[in-house]
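One chain, subunit A, links the two complexes that follow: it is found with subunit B in the first and with subunit C in the second.
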Partner chain A sequence: MREQASAVLLVLGAFFMLLAGVGVARLPDLFMRLQAATKASTLGVGCMLMAVAIHFQDLAVTTRAVLVIAFFCLTAPVGAHLIARAAYAAGVPLWEGTITDEMRLSSRDAQDRSGENSSSAGNERGDGS
Partner chain B sequence: MSMFLFNLLLALTWAMATGQFTVPNLVFGFGLGYLLLRSVQRIVGPSPYFAKVPLALRFALLYVWELILANIRLAYDVLVPGAWSRTGAVRMTPIAPHSHPAVSGWRTGPPSNGSVRAPLASPSYITPGVIAIPLDVRTDAEITLLANLITLTPGSVSLDLSADRRTLYVHAMYIDGGDVEAYRRSVKEGLERRVLELLR
Partner chain C sequence: MSLSGLEIKTLATGLALAMVGIALFLTFIRLVRGPTLPDRVVALDLMGVLTVGMIAAYEIAMEQPVLLDTATVLALVGFLGTVAFARYLERRGRDA
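Let's look at the complex of A and B:
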């Protein structure tokens, strides 16, 4: 039973890792590739560490596995967020099928407004959004 | 918080008393400690801790479940050939093929002649977008937790927080049917509401 559970988890973990790789190769733009690389690999690592914990059934191993999963869940999203933010700031293009970009819209809004403000003494601040 | 530490102490005490430092025994001790503290609430004073433990547990289970569902969806889109080239269906204006320098070359289907393709019935297609989500969460901890949870969910990455900390920009892969409002609502009523329940 223990053997089977850890075997299933190992295979699942490997599958999600593979998925992350295939996702990076196949998805169309950086932001979506990031999704595959971060999320699928997080789940993959989680599955593998759980398999390890179940296999050894030892407090020292289990606590470390739990710690690694916790730190992975803490750091992976922060890293993904920073990469995405840097990419967006650097002007990495979104996929052509992207249906909306409210961030660009709002920043353009702000630019328009600040442009107006500098030209017409800033009396139209309120009617922006 | 002090109630949580007290509960941990009780779990440790239980493990020492039974002489078994194993994970199931520690978890069992934690559960026992929780019940004990709960039953003597009148003496130790009321604390939001008692209501939050079940909330946190339910939230964790729900979140893991949604994580798995979203991963399966992502897996489908990544692995099934052509599953997501159907996004052409929701494209509003025709775009010439390979007009995008960074993404030319990934398209595997026949080159489209720039016309909008008819919608196909598909279990899942990618409709990405950057969405502004107005925030009700205020403190650093709440915003961080929400942004991290959004980023951990497959299909969405939190991109940036506006300078006034009122708006979170999220890159989402699955805006179903191109309905931006519905997506905004689902984040606000799903993740954000739960984060607020948990931290306030």
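Let's look at the complex of A and C:
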């Protein structure tokens, strides 16, 4: 039973990691690739480390596995947010089928994203005038 | 259908290593031909996470629980690298 649960979690986690790789290779936009990479790989690594914790039923191994899972759950959104903000401020082009761009609507003075954006730090601060 | 535990373990770890290997290959393709620099940063970040998963599968396959320390250190270094790259991108975008 323990072996079966560990094997199922391991293959499930590897499947989510494969989904992350396919998404990064195939999606048309940086931001779509970023969300595929972040969410799918976090779930995948969580499943695989839980499989490790179930396979070795040891307190030290379980503690470290839970620690790494918590670390990934804390740092993956932070890293993705940092990369996305920096890429948007640097003017990475969106997909041509994009419908809404909320950060563009919120900044009245940034009419061209490829131009000078020295006020990009205050965009999400809510200048909704 | 009398699969023993050892056979299940061998099958699952082999399958998981193959799938994570394919994912690493696809991510490496994006790393090579990413149009912009943030694409390459995203691919490099994902490669770090995939390597942690590969270490987990290899750890079960080899029965070596010591390798989990390597995964911990790799996760920490990967996050620091991502933050450093994001800082660099932000500064470069502001300058250029």
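Things to note:
Throughout what follows, the second predicted complex is superposed on the first by the 108 of 129 C-alpha atoms of A that agree within 3 Å, B and C clash if a C-alpha of one lies under 4 Å from a C-alpha of the other, contacts with A are read in each partner's own complex, and residues count from 1 in each chain.
Methods note: contacts are C-beta pairs under 8 Å (C-beta built on N, C-alpha and C of every residue); 3 or more make two chains touch, one makes a residue touch a chain.
All values derive from a computational prediction rather than experimental measurement.
With subunit A as the common reference for superposition, the partners subunit B and subunit C occupy compatible, non-clashing space. When the two complexes are overlaid on their common chain A, residue A:49 makes contact with subunit C while staying clear of subunit B. Of the two partner chains placed by the overlay, subunit B and subunit C both lie in contact with A:34. Look at A:85: by the touch rule set out above, it reaches both subunit B and subunit C.
In the superposed pair of complexes, A:22 makes contact with subunit B and with subunit C alike. Least inter-chain distance for subunit B and subunit C in the combined superposition, rounded to the nearest angstrom, is 6, based on C-alpha atoms.
The intersection of subunit A residues touching subunit B with those touching subunit C, taken from the two complexes, comprises 22, 30, 34, 42, 76, 78, 85, 92. Subunit C makes touch with subunit A in their complex at residues 5, 8-9, 11-13, 15-17, 19-20, 22-27, 29-30, 36, 38-39, 41-43, 45-46, 49-50, 52-53, 56-57, 59-60, 65, 68-69, 71-72, 75-76, 79, 82-83, 85-87, 89-90, 92-94, 96. Against subunit B, the residues of subunit A that register as touching in their complex are 16, 19, 22-23, 26-32, 34-36, 38-40, 42-43, 53, 57, 59, 62-63, 73-74, 76-78, 80-81, 84-85, 88, 92-104, 106.
Subunit B meets subunit A in the complex at residues 21-23, 67-68, 70-71, 74-75, 78-79, 87-88, 90-92, 95, 99-103, 106, 126-132, 147-149, 151-160, 162, 167, 169, 171, 173, 175, 178, 180.
Interface residues of subunit A, counted against subunit C in their complex, comprise 3-4, 6-8, 10-11, 13-15, 17-18, 20-22, 24-25, 30, 33-34, 37, 41-42, 44-45, 48-49, 51-52, 55-56, 58, 60-61, 64-65, 67-68, 71-72, 75-76, 78-79, 82-83, 85-87, 89-92, 117-118, 120.
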